[in-house]
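Shared between the two complexes below is subunit A, which pairs with subunit B and subunit C, respectively.
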Partner chain A sequence: MKNVLRTSFPSISKNEALARGIAAQFTALLDPTVEELSDIRTAVSEAVTNAIVHGYGHPNGTVTMELTSEDGVVTAVISDEGRGIEDIELARKPFFTTMPEAERAGMGFAVMEAFMDSVSVDSAPGRGTRVTMKKKLGENAR
Partner chain B sequence: MPGERVSNRELLSEYRSGDESALSALVENNLALVRSVAARFFCRDDADDLMQVGSIGLVKAIRNFDPAFGTELSTYAVPMIAGEIRRYLRDTQSVKAGRKLGELSRRIAAILNEAEKRGLEPKLSEIADELGVSPEEAAEAAALNSFNVYLDEKPEDGESRELSELVPDTARTEDEAVGRVFSEQLLSLLDKNERELIEMRYRLDLTQKEAAARLGITQPKASRMEARALLLLRRHIINE
Partner chain C sequence: MRLKTKKQGRTLVASLSGELDQHSAEQVRYELDSILEDDSIKRIEFDLKGVTFMDSAGIGVILGRYRKLAPRGGSMNVLNASPGIERILKMSGVYRLVSERSAR
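Let's look at the complex of A and B:
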């Protein structure tokens, strides 16, 4: 049975924890393993952090998160109307960061890609960013 | 490292012959040890507190240590550091997280440990049933066990190291950056498999598929292992 949750919130730091909590509770409805739950929680956290910190970098933006579950697949779409990414391929490389002074280790996309089955990024400078991530539950990694 | 052991030995004998000032030098010398033990217990908000508490364990170890034990100070100190931290977590984590949630998270960790030994991956509903709570509560409790560092956690300004030391500016090659980040010291934080995987992926430039094949594991498992290792490394970069 399909389920959808759509939420938007201002681009403030405390909403990162809120968003990952929401994503975790949404996923919990599908009876995942604890690892699957943690994976989705972490990947969503990275995407939301990117939107807040890179997309906006100030508290006055709006971040939208849409969660869908269908046939055991969880899809999370996190979007912002912020700066946008100039070179998506470069941004997705591990350790690439535009903020060396801000102690962010440039691994956000690497983490998203490792924990989710697929990650696609739609973005352009000045046009915001939309990150779509999917994970099928019940795919045993052992 | 040989250099460290010699100075531990010297400082210890100074301390044991009555020089109290050698104590602080000994603690300084061994903070990395405290960090590596505390790292096993890291929860979202606790890093600094755990370091402080762990250092108390180190001091106790230094005070009690006798070279006649026949071990290194560091070997002796590890259980004492861990013991202090466990005691602290037992007493306070439940207060921070709510007594029930803290207790639940520990029980979940125990269930998962047992399950892993038997090669099982329990579902949330099974865990919730065993604990007698709702799946929602179990999901929140499980989050407390997360060893992930989320980027909205900021280290204390005085303590953190400039990441610009570790991350390249645009003029440097990615290779050099990867080499610097994956220094021996950081790699020693990983277990044998994780270390092999990171080296295959980032030094030898193997694909995940190739690396997984060499390790004899499935690709999803390798992918997960890689992400966990990267998170662990990042946590240490940010918290050092």
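Let's look at the complex of A and C:
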């Protein structure tokens, strides 16, 4: 059965924990393995952190997270209306970061790609960013 | 996120517990850097036993502290990571920088 949850929250860093907690609870309804649950939680944390830190960099933005589950596939769409990404290919390269002084490791997209089955990024400068990630859960998943 | 530190000779053992993300990283970074101003410290050991969640922000914390110690000939180690956290550590190459040897 299809399930959908849509939530929006301000771009404050405390909400990274809130968002990944919600994503974990949503996924838990499908009876995932511990590893699947951890993968989705981590990937969502990365995408939400990117929206907060890079998309906005201030607390007055809005981040939207839409979670869908259908036929054992979890889809997480994280979007912001922030500054957007100029060169998506470059941004996705491991260890590339625009904020070395803030010790951003440049691993966010690499982690999302490693932990999810697919990651797509839709972004343009000044027009925000939308990250869509999918993961098919194993046979245990309902 | 909780941080407990213990200085053993020239080694700082930093035991972390809770969730390490971009939000909590800031405090950890601040606390560790104020301790690392003591330049007799040549080695840092991160004990991640109590860490229940870590994303790439944790990598920033670990690599950032290593970069502080490297110019003084320092070393580091990362211990007791859970399997999920270990995957991120491996991806980022952190384990290539660790040494088992303790500070002399």
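Note that the second predicted complex is superposed on the first by the 138 of 142 C-alpha atoms of A that agree within 3 Å, B and C clash if a C-alpha of one lies under 4 Å from a C-alpha of the other, contacts with A are read in each partner's own complex, and residues count from 1 in each chain.
Operating definition for what follows: a contact is a pair of C-beta atoms (placed from the backbone, for glycine too) under 8 Å apart; a residue touches a chain by one contact, two chains touch by 3 or more.
Treat the numbers as computed from the prediction; the structure is a model and nothing was measured.
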Putting subunit B and subunit C on the same copy of subunit A, do they fit or clash?
-> clash
Who does A:31 touch here: subunit B (first), subunit C (second), both, or neither?
-> first
After superposition on the shared chain, which partner residues are touched by A:129: those of subunit B (first), subunit C (second), both, or neither?
-> neither
Could you tell me if A:13 is touching subunit B, subunit C, both of them or neither one (first, second, both, neither)?
-> both
Once the structures are superposed on A, label A:79 by its partner contacts, choosing first (subunit B), second (subunit C), both or neither.
-> neither
Once the shared chain is lined up, is A:69 touching subunit B (first), subunit C (second), both, or neither of them?
-> neither
Candidates 37-45, 91-99, 109-117 or 127-135 checked on subunit B; the stretch that hits subunit C is 37-45
Which parts of subunit A are in contact with subunit B and also with subunit C?
-> 13-14, 16-17, 20, 35, 38-39, 41-42, 45-46, 49, 53, 94, 102-105, 107-108, 110-111, 114-115
Once bound in the complex, which stretches of subunit C touch subunit A?
-> 19, 21-23, 25-26, 29, 53, 55-57, 59-61, 63-64, 83-84, 87-88, 91-92
In their shared complex, subunit B is touched by residues of subunit A numbered 13-14, 16-17, 20-21, 24-25, 27-29, 31-35, 37-39, 41-42, 45-46, 49, 53, 93-97, 100-108, 110-111, 113-115, 139-142
Please name which positions on subunit A make contact with subunit C in the complex.
-> 13-14, 16-17, 20, 35, 38-39, 41-42, 45-46, 49, 52-53, 94, 102-105, 107-108, 110-111, 114-115
Subunit B - residues contacting subunit A, complex = 108, 112, 119, 121-125, 127, 135-136, 138-140, 142-143, 146, 148, 150-152, 154-155, 160, 162-164, 166-169, 174, 177-178, 181, 218, 220-221, 223-224, 226-227, 230-231, 234, 237-238
